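These are the structures in question, set out in turn.
Okay, so chain A shows up in both of these, paired with chain B first and chain C after.
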Partner chain A sequence: MSQLTLRPAEAGDGGPQARRPGPRPGRLRRSLTPYLYLLPTVLLLVALMVLPIVMVVGYSVMDNVITTRSSESVGLDNYVEVVTDPVFHTAIRNTLYFTVVSVLAHLVLGLAFALLLNSAFVGRWAKAIFRAIYVLPWLFTIAVVAVLWRLLLNPNGVVNYLLDVTGFIDGNVEWLADPDTALHAVTFINIWCGYPFFMISLLAGLQGIPKDLYEAARVDGASAFRQFWHVTIPQLKPIIISMALLDFIWTTQQFALIWMTTGGGPINVTEMLSTFTYKLAFSKYEFSMASTSAVIILALSMVLAFFYVRHQKVRD
Partner chain B sequence: MDLPNVRRRGLKRTGVYAGLTLGAMFAGLPVLWMALSSFKSNSEIFEYPPRIITDNFSFDAYTTILTDPAKLRFFLNSYVIGLSVVALTLVVAIFAAYAFSRYDFPLKRVLNVVVISVQAVPPITLLIPYFGLMVTLGLYNTYPGLILTYLVFTLPYAIIMMTGYFNTLPKELDEAVKVDGAGPLTALWRILVPISVPGLVSVGLYTFMIAWNEFLFALTLTRTEDMRTVPIGIQLLMGQHSYEWNEMMAMSVLGCVPILVLFLFFQRFFIGGMSAGAVKI
Partner chain C sequence: MSNGALTRRRIFAVLGASALALTAACGGGDSGDDSAGGEVTLEFSQWWEPELPDGSLRALMDRFEEENPGIRVELLSGPYASTKEQVVAGAAAGTMSDVVGLDGAWVSDFVDQGSIASLTGLMDDAGYDDSALASQVQLEGETYMIPVVNFVYPLFTNDDLLAQAGITAPPTNRTEFEAAATALSGLGENVSGWALPLSLETPNGVQNDVMSWVWASGGSMLADGQPDVTNDEVRSAVEYVKALWDDGAIAPGSFTMKEQDKVEEFTNGRVGMVISSLAHVNTIREANPDLNFSISAIPAEDSYSGERGIPYASWGIGVAENSEHKEEAWKLIDFLLSEDVNAELSTLANAFPGNTASVPDFVEGDELFGAAFEIYQSGYPANEFTGLPVAEELMRMFSEELQRALDGEQSVDDALETAQDRWLEEF
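What follows is the complex of A and B.
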């Protein structure tokens, strides 16, 4: 569909014709050349990735960091305190609910829209127009998404009006301020703005499935559903797994949407690991505790990253 | 084709279009409501019953924003930071991708895994040390502070995408130049880069989008209003005095315009890059 056949899996693969440095003059220089090209990247990653991680791990075992100059090592005390904090438990539960529901809904909606767009009934122009509309939510800055849904979900807003008129609700629901609905509301908003990421990749994947696989299935008398289940899904499986892992990793890190809609409230019902950590640092100025929480989040993310990298390698 | 079959096809077709329309309403109506609200007066925003076009339909909210130097400053900041990040990301990523795509070296596998996995490092983990670092280095509340920060988020996927792109180009191209006695740098800048423009556009668009949309670090690493970016500007509007919903909506529409325009003009590149599946929001 475009010249871009990029996949993370291909990164640094060197292509099938990987070459070895031949025994020729200037061999040392040649073997150093790639490192020279990678020097800016490596310097940046060391300064802005490795060093900060070392720093944050250091902070996490000290007290009074950043705010004072005299901080002492406290061993694992901070870890014990964070891990036993009930709000931290709430944050983990909320982040899990938010992430699992978001990723599943992104996948289902993304797949449904991709299948509709890929349908033989849809002409080229209709497809381009619908695709542009479907991608729309994904193009918006999260800040805008948050403001937009605060307008729509306002107690006096248009969503309440429509639901009231059609009889689904009675009176004005404060979607983002009611402890019973706030977590579902922010999850819904996140679903709304995140599915296009899946849709586009799955659409590209659908277009890449060889037509003769379907012909063969039809010759065998397979129904539309069986074709979907036994041809489409297996063919899309690598994309689905890789998208789902990436989405899972990124959704657990969502901060701006929560911060701008509920700020983690009311009474912590939408507190996520990210907002919990941010508040520790920049509302309570407990930078040591915040660092500890940040290191725990990093460790959890690295577990997910391990599966992602391994999956990418298998795809190689 | 017999009649029932024709009818079944017609039914399926209707079903597909019904599904498409429902989907378009789900995605598009909230956006439409935002745009419509920006033309209302603030007192009409929560009118009961809601109306699509109200009596005081006007561009006042836009005029207010576009004549306020403090708000225009948000846009200037976002553009300066966005464009700088794009330029730096492209240069650094081109070199790195060239090494990954055209050379074999002992640490290649390791570095490759590092580049893929740093994408998973949570921004919140980096936030606290960055805050300390930026204050120490005097980069707190400056452009360079934010630009450097954003490079960390844009570089990994930029390198991955560019390496993939270079891998699709036959290596005979650069070998041919080298036979003429030119060095690898000439091969890169005279041959590979010019024919990689579609890939560069795609990477550049994503880089700009990430920088334009970033919230957490823009919130934490700047302090004064004249250094704030558009997303923070929108948040500030929410806090200010009473809620000026029409202005917030106008600001939101204006804040999305650059990305929407880029998307309309370069849809193909966006879609191509998105299917690369390595793009972070």
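What follows is the complex of A and C.
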């Protein structure tokens, strides 16, 4: 380790070398300034995100909070209780089905419509009209979507009427109220309102693929399917993976649609992790158990978020 | 200005902005603070204002302010569901409004939480005579909520549909009701006899459409304040509902049907009979002026001749424990329950008054409301969910078990046994 020793004569001359051992005030201010600009955001993140998360994690190991005057720690008892609750298992199964089917359908439909809108066989005006029609479901808020589909899927609604007159069904089907069809019905509604996000993103991706690649493939004698499989899909792969991971995270957290269409019923066939947690908090007032459930959902979401971030880093 | 001074000013500006942002984010000043002039501002959160004619609740508050100089009332209004969540959050954070609109189903949980004050002491301090009050919600001898107005749930019948089905008068007992419901369902064209909303999102159908059969025959779902849903009265009512289900007399879509769906089905003439709130009379008239319908008491067991319990829901009122102005808060409650104001509020809400001396105007001028008032006076208001812990969750649990029974997954006996066990866990 080297050490700078100042001779008295040098120390007293007031030159620049005399101030070298200590940090210059100007330099300190310059180095701190970026952090000070970041400070409002950091403080907001701490106050609105970190603090609530820490509080919820803390709540999850208490006997109960908010509705009780004094709370005691119960360790991991709440976690054991939630994880061993059969309704929680049902909620996990339903959430998994709802999410996986929704994401896959969003991807397939989004890609199909994006290819259609990017096709040279469809005219400019037709594209504009179809683009507006296809994107419509995405523009409705979830409350509107829920009310709309509750009316359409009503036993006396339009869907049953159309299926009846075309001979597909005989009599009234209770799409949302029948335990055999309710989960599929809410999944269908979620697919309907979610595919445009994929479509728009994939359309942007398709428009960014260089035409040279297709020309080269055609020169090599590649069929339309092989061009799609060996040019389009590899070019879209980064977008597809990002979108699928994001959609997976969002769909696992879907609450409003389920709550407003079925409330988790009939019985518990559409119970999701989100509705399970909500009921614990605002119906049973068991805020500690709700926090426990929320922490488990957070942990599962973090796993997905980890893959998303890792994928983004690889892309960069 | 030197670079150092400029930097210092920047640092202070950034810090100031951060502090402001945080203050804004954390929000919420003290409620009901005295202003410099010694004026008290009461916050009154409720879901009533959106359900009343525009400006009518504010007009009542203005009259209260005139009669009580130095007290101002700030109305915090929202839909029922969001009011409940706000009250829960406010209770937890200690920022509950001074005066709060309450549903009887919330009271037990708020008392456990220590967030609402006992009104007994406030009444005593003010020397209030409570003999005129129609009801009070009490826990362990203390009053925590007073129903300001009550919405009763009689039987609505579509008289034209009944006539088409060959029924000349609304049913008065279970046998007549079953016959009428089956005959209505036999009319075809998507018409059903009765609607049974069992949505798990808002499970109050258990209270209004299932337990109402028990109360109408003088029965009870409780014994000594504890759950007793396996008794003969409840079993008889649930078996009766199951029989209606098996007869195909209940409108499809029950398991996700909500109260408003039920009203719409009745309004559109697709359901011949519903048990519904009197508050829906005007909604139905406005939506379908041609609908010819009447109101009668909920049918009782054939052999029953005693007084009939009629389900009701209340706009209740209470005072926050954290309020610094409980005395002024009580003055507002006293005002709303006074004879003339309570009659006026009841008239505006199409509800029955919480003050027994008040007579709403609509009783005199409207045949349907007059009939409902007679039913109300000849029976007794019955709602055993009021004051129970996690009342809404109890309804949801019962609804789940009933759905399983109706779906054939379990017998009625098993459904009641399971519901009883699940309810006991919550007690």
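Please note the rule applied: the second predicted complex is superposed on the first by the 289 of 316 C-alpha atoms of A that agree within 3 Å, B and C clash if a C-alpha of one lies under 4 Å from a C-alpha of the other, contacts with A are read in each partner's own complex, and residues count from 1 in each chain.
What we mean here is this: a residue touches a chain if its C-beta (ideal position, glycine included) is under 8 Å from a C-beta of that chain, and two chains touch if they have at least 3 such contacts.
Just so you know, these numbers come straight off a predicted model, no measurement behind them.
Of the two partner chains placed by superposition, only chain B is touched by A:143; chain C is not.
Look at A:40: by the touch rule set out above, it reaches both chain B and chain C. By the touch criterion defined above, A:113 reaches chain B but does not reach chain C.
Applying the stated contact rule after C-alpha superposition, one finds that A:217 touches neither chain B nor chain C.
Note on chain A: of its two partners chain C and chain B, the one contacting more of its residues is B.
By the touch criterion stated above, A:135 is placed in contact with chain B alone, chain C being left untouched.
In the overlay built on the shared chain, the residue A:290 is in contact with chain B alone; chain C does not reach it.
Of the two partner chains placed around the shared chain by superposition, neither chain B nor chain C is touched by A:92.
Residue contacts after overlaying the shared chain place A:154 against chain B and chain C alike. By the touch criterion stated above, A:186 is placed in contact with neither chain B nor chain C. Taken together, the two structures place residues 33, 37, 40, 44, 48, 66, 150, 154, 156, 259-260, 282, 287 of chain A in contact with chain B in one case and with chain C in the other. The touching residues of chain A, when paired with chain B in their complex, are 1-8, 10-15, 17-21, 31, 33-35, 37-38, 40-42, 44-45, 48-49, 51-53, 55-56, 59, 65-66, 112-113, 116-117, 119, 121-122, 126, 128, 130-144, 147-152, 154, 156-158, 161, 165, 192, 194, 196-197, 200-201, 203-205, 239, 242-243, 246, 249-250, 252-253, 255-256, 259-260, 273-274, 277-278, 281-282, 287, 290-291, 294-295, 297-298, 301-302, 304-306, 308-309, 312.
By the touch rule above, chain A contacts chain C in their complex via residues 25-26, 29, 32-33, 36-37, 39-40, 43-44, 47-48, 66-69, 150, 154-156, 172, 174, 176-179, 182, 259-268, 279, 282-285, 287.
The part of chain B that touches chain A in the complex is made up of residues 12-13, 16-17, 19-20, 23-24, 26-28, 30-31, 33-34, 37, 45-46, 48-50, 91-93, 95-96, 98-105, 107-109, 111-133, 148-149, 151-152, 155, 159-161, 163-165, 167-168, 171, 184, 198-199, 202, 209, 212-213, 215-216, 219-220, 230-232, 234-235, 238, 245, 248-249, 252, 255-256, 259-260, 263-264, 267-281.
If you check the complex, the residues on chain C that touch chain A are 3-4, 7, 10-11, 14-15, 17-18, 21-22, 25-26, 84-85, 88, 91-92, 109, 112-114, 190, 198-203, 251-257, 261, 270, 390, 392-393, 396, 399-400, 403-404, 407, 409, 426.
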